[in-house]
Amino acid sequence: MKTFLSVLTVLAAIVAFWYAACVPMNIKGVLDTAERGGAEVMPATSKARRDMGTFGLVAGNTFAIAQTWEQDRPRLPAPHQVVTELWKTTVMKKLTSKRSLVYHAQVTLKATLMGFVIGTGLGVLLAVGIVHSRVMDMSVMPWAIVSQTIPIIALAPMIIVVLYSIGVQGILPKAIISAYLSFFPVVVGMVKGLRSPDAMQLDLLKTYSANTSQGFWKLRLPSSMPYLFTSLKIGIAASLLGAIVGELPTGAVSGLGARLLAGSYYGQTVQIWSALFAAAILAGLLVALLELIEKIVLKRMGMQQ
Amino acid sequence: ADDVKLQLKWVTQAQFAGYYVALDKGFYSEEDLDVTILPGGPDIAPTQVIAGGGADVTVEWMPAALAAREKGLPLVNIAQPYKSSGMQLTCWNDTGIAGPEDLPNRTLGVWFFGNEFPFMSWMSKLGISTEAKGEMGVEVLKQGFNVDPLLQRQADCISTMTYNEYGQVLDAGVSPDELITFKYEDQGVATLEDGLYVLEENLDDPAFVDKMERFVRASMKGWKYAESNPDEAAEIVLDNDASGAQTEHHQQRMMREVAKLTAGSNGALDVADYERTVKTLLEGGSSPVITKTPEGAWTHIISDAALK
Amino acid sequence: MTLVFLAVLVWCLGWWLNSRLANGASADTRAVKLLVPMIFGVTVLLVWELLVRGLAVSMVILPAPSLIAERFAASLPILWKDLAQTFLKGALSGYIIGCGAALLMAVAVDRSDFLRRGLLPVGNFVAALPIVGTAPILVMWFGFDWQSKAAVVVVMVFFPMLVNTVAGLRETSAMQRDLMQTYAASYWQSFFKLRLPAALPFIFNGLKISTTLALVGAIVAEFFGSPTVGMGFRISTSVGQLALDMVWAEIVMAALAGSFFYGAIALIEKSLTFWHPSQRG
Amino acid sequence: MNTQTTTQADAPQAHASERAPEAVVEAKNLDLVFPTNDGPVQALKDVNLTINKGDFVSFIGPSGCGKTTFLRVMAALEHPTGGSITVNGMTPDEARKQRAYGYVFQAAGLYPWRTIAKNIKLPLEIMGYSKAEQDKRVEQVMELVELSGFGGKYPWQLSGGMQQRASIARALAFDADILLMDEPFGALDEIVRDHLNEQLLKLWARTNKTIGFVTHSIPEAVYLSTKIVVMSPRPGRITDVIESTLPRERPLDIRDSQEFIDIAHRVREGLRAGHGDD
Amino acid sequence: MNTQTTTQADAPQAHASERAPEAVVEAKNLDLVFPTNDGPVQALKDVNLTINKGDFVSFIGPSGCGKTTFLRVMAALEHPTGGSITVNGMTPDEARKQRAYGYVFQAAGLYPWRTIAKNIKLPLEIMGYSKAEQDKRVEQVMELVELSGFGGKYPWQLSGGMQQRASIARALAFDADILLMDEPFGALDEIVRDHLNEQLLKLWARTNKTIGFVTHSIPEAVYLSTKIVVMSPRPGRITDVIESTLPRERPLDIRDSQEFIDIAHRVREGLRAGHGDD
């Protein structure tokens, strides 16, 4: 409840700031339109306005302020424009329509989930290998880090083409790009988690002469749980980003990535923003779902007080 | 039916109306073809896709195709539905630009990703450096996907296509007399756009050649239908746009403009146009796209057979 | 086919060599710790080279490492200019601004329970905005040069850094805080003497994550508009020209710069958080 | 069980005749309930206690009876859910602001990023002692707890007992009026313990500090204290308060005196009763 | 100092005449050096010790003298840098593989995601006891350490002393030949301690386990042990090994006997000598 109130206040502050920011951001566009419409603008030509500070423009043309929140192609769309667009493209459209964000979100979601499963599965396996094998630890870990310094957006088209040339197409290439982004946080988190038992806890098992698999199931895995969930939450957000990036070199025909791109292509800022928000909301929902599972699991395990 | 995969150069839009019309009107199935149209995008190099076996035939601009050929990817032009170039440079009138001689010391938006070659040739012909702003140089920006750099006045001029970006500038509320445009056709540096290209080795296969004949025939039928029924063609394009981002108004206008560019072509490559393109590219200044006259970069076998 | 067979052989050989080294007597020496990943990397490169040649993979799909190396060596001046533009100007300045702002914000958030509760969920939301969408917007706002790349980096690194720092500042044990209470230490005293040192491992976690984000972010942003220099610019133009060797040369450069950056931060971390169990090893 | 009320009521008066006692801590009907998810835990119930200036009060009782909790209430680290408590006539919170407390926790709780010497220096830095004074005091207390020479080591390089001694040194380094110690000598052997017991008594006599001291050792409680508080668990309450009749000057061999043995016996009986309770 | 060699050399023979002793642990010239960043720390130096089957051996000495380290060497948790040690005629590592050890650590070290009962069950699961047997044994040892009824609680819901008792129960739940206990009763009050001491002696008598026991309490060491090992620090070494002459049957009041007091005196002297050393 308290959280809710705080979030609400912060949101209100952000929205207020956002509306205020719209004024200087959009004033030039508004004045250009107004000038073309024959209105009296100060200064009169677009060229002169270009060299003026935005706040000076606002001060000189107070009549235009209201219009900065209603522009067609604003530099910064006003909150209500984004919300309206979101509303129009989710609730007001048939779910199967190509213009429905829900439809596009669902396309992206499929690739995201598939990539997430592949990525986290691989990440966990790799982490287990790294914790149990010195060779893996010493040779793979540095390269896992290097792999993340490679700009995926440059690699994505090539991944798609290479997979294409060996006959893999459809959702899988996108999922692989998504997995590429999500495996790393899981590896790092799980390695940390699997190594989190302290010396005494490990020594205890040694005195029982427990074997490696017992050590894994009875000590390492349970103590890695909080780390696992933290990295899963980062991982799913990364998966979503990966799926969106993966949509671009497959022709960006559908999915949130396609919406983002199309919006960008036609300078439809409102559409970009609403697709952006849809992506963030989707990520939020996925993370919230994981959080719920985390709560249940940790409670069952007695790790949450 | 024979499968054909067509890779487009850009996203689904009226620029490719002929193919969508042929698909939708059943021209392809009449020829016993099962055609899949793969949309392109900013992150897709059609030449790379065809090299990887992802497509049988691709829509590409000739400079990029010839460049790929020199890089060791033997692409061959089998048909040329676009007769003339739609590329132009669009500037604000109020910046004082009246002719090409006013371009130095300006900031220009240019498309890269294989589309920069005509611009480079033009600049080299004008003797303008693209390295830095100055008396004899311009500042070049890698333009993104849209016309914002012009609208936001981050650039004095940007590249536009007659059928697409130029319309977007007008849609933003700008009137044509606020702008001045330099068509590449008028500047004598036009290069061929939107031809159909296949891998050379495939042409040794009679079955493939036969397939392509039928494909070109049906595509041209689609193009001619689209030219004469622009609104219907635009509608078909809209139906095929899976992203749901295109608007009817924009596609209808695009179709009309595109029709002007395809009007002069029956599908066969005009060798004079080809040679003019090669000449332009060879003159491409310090780092020309191609360094020697290409051999075997086109063939009339298919268009001849298709159009007889 | 023999080349493919050779590739398999090289792989097995490399792995065997590493097993010997990693489980050997001198496994903890600095040399071996460097050698093992090196051998792994060389093995991967060899296998790549052999496979590409053995399977006759087209150079426009995947160039062989030898070709990439050749291109790399031949294009050093261009690579350096691109690195300066993208890494030094874009990524680094964005990294410093973003991480610095996040640190300050974290302190503010940590002081006020209200802000923490209200800002963190909103922050998590903003962090989930996909860069592919934010980059074009920021290019539109901040222009084509490195400033917009820095802005993208700021947006990318801000929240991972904020979340980590806030978590770190709350990491102290109850007893450690109680001790400060019995001294009636002021907020800033307990901040500098207890919470900041205790938070360091987390702060470095955030800093390390941010290094990889920063470079990738700057490169990606260049796809959406840039001057005619920069790693992202070079990559996207080269792909259009099918100059895949150049693309890979830039990727190698990015990986080198990124790894170096990461390594530098990790080194600082080691010297500042030597006391933490994870560093005592 | 009702020894409690009588003893407590008498005690202050008995003392009063000797010298005017000045109450430092006064707890009245103190209650403390921890809300936990499987029901509330009554850690302290109806606790009444007066501690006078210069008292050395030991708390003894089975584990879980609330000794730590009561110490924490005195130091304003925990807030009672019922009753009242004053320290030097103020609330514990105000007293804490005046830096009235030195606290030794049940576990050492040294900061791992500081060396032993720097750990001991911590409160001195916070309270703004001069550099020279800091160094002098660190030197002194390290000697007192026999850790000279270990100043440059990090906590994890020391054995458990050495860490505990460092944490005692940390609490002794500055001049707190009230010293609260939670099983400070638990991890130490008898010799060191005897030595530290002696040192602590000397320090107490010299500085006239008021000391609250939790221990599990009956002889230690009897040897050190002017007042022994016996507690029993579930709910945590005081079952007996024993005023020591031993003199303030206490050589180690006082532990063989009949008086000592009698008091120890009474404490043991009280403890046993507490254990029988549950 | 030279009591060490004589006592040790004599001891096995002296015993041998009573009943045939069977050496369980034999340490010869044991050295252990920890490499740390400010130079090596000699934790054990030239340690010689024989522990016979059924012995109850206590280790006592100032903190940091190497008691924990020696226990860890016996349990193969630490490897000596010099000398040799055998357990049941094998290396400690081999003995560990045969599950010869029950170990109680200096801190409780319970797994926070397991309830008390499940914590105690852990070794039984690992060693493959049947479900029914597991439950029976958990029941038994929980009663032994007076924790019945707390089986369903999680560790953080218990006070420090209760956690320590749970960890003792965990080590008693399975049939290890050798029980190694590192200050198991340090956090408990005297009453519980007395009770657990008695219980431990009974268990020892019944099962004929060999027990290694670290304590800081002289009476506890004397009351429990057949052999008391006195150690001194820097470097950690054995200064005295005292064979107890007390009978195996030991009622609590044996602590008032003269024999008891004499042994305790000798231990105290040994300890004091170790302290004087540094």
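Letters A, B, C, D and E name the chains as they come in the text, with residue numbers starting at 1 for each one.
The rule is short, and it goes like this: contacts are C-beta pairs under 8 Å (C-beta built on N, C-alpha and C of every residue); 3 or more make two chains touch, one makes a residue touch a chain.
This one's a predicted model, so the numbers in the text were calculated from it and none came from an experiment.
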Where the contacts of subunit B and subunit E overlap, which chains show up? A
Enumerate, in label order, the chains that touch subunit C and subunit D alike. none
A count of C-beta pairs in contact puts on top the pair A-C
Which chain, with its centre taken as the mean C-alpha position, is closest to the global C-alpha centre? C
Express in whole angstrom the distance between the two chain centres, defined as the mean CA positions of subunit A and subunit E. 56
Computed distance of Cα centres, subunit C from subunit A, in Å: 18
With chain centres defined as C-alpha means, what is the inter-centre distance between subunit D and subunit E in Å? 30
Touching two or more other chains - residues of subunit C: 61, 136, 140, 223-224, 236, 239
Would you pick out the residues of subunit A that each touch at least 2 other chains? 75, 153, 157-158, 161-162, 165, 198, 248, 261, 264, 305
Residue ranges of subunit B touching at least 2 other chains are 42-43, 45, 48, 51-52, 144-145, 148, 152
Pairs of chains, among all present, that meet the touch criterion: A-B, A-C, A-E, B-C, C-D, D-E
Can you name the residues of subunit E that touch subunit D in the complex? 36, 38, 41, 60-64, 68, 106, 157-162, 183, 186-193, 216-218, 268, 271-272, 274-275
Spell out the part of subunit C that touches subunit A in their complex, as residue ranges. 15, 18-19, 21-23, 27, 32-33, 36-37, 39-41, 44, 61-62, 114-115, 117-119, 121-122, 124-134, 136-137, 140-141, 211-212, 215-216, 219-220, 223-224, 231-232, 235-236, 239, 244, 247, 250-251, 254-255, 257-259, 261-262, 277-278
List the residues on subunit A that touch subunit B in their complex, please. 28-29, 32-33, 36, 45-47, 50, 72-73, 75, 97-100, 104, 153, 156-158, 161-162, 164-165, 169, 248-249, 251-254, 258-259, 261-268, 271
The subunit D residues in contact with subunit C across the complex are 72, 75-77, 96-99, 101-103, 105, 107, 109, 111-113, 122-123, 125-127, 154, 156, 180
Note which residues of subunit A are touching subunit E in the complex, please. 198, 200-201, 203-210, 214, 218-219, 222-223, 225, 301-303, 305
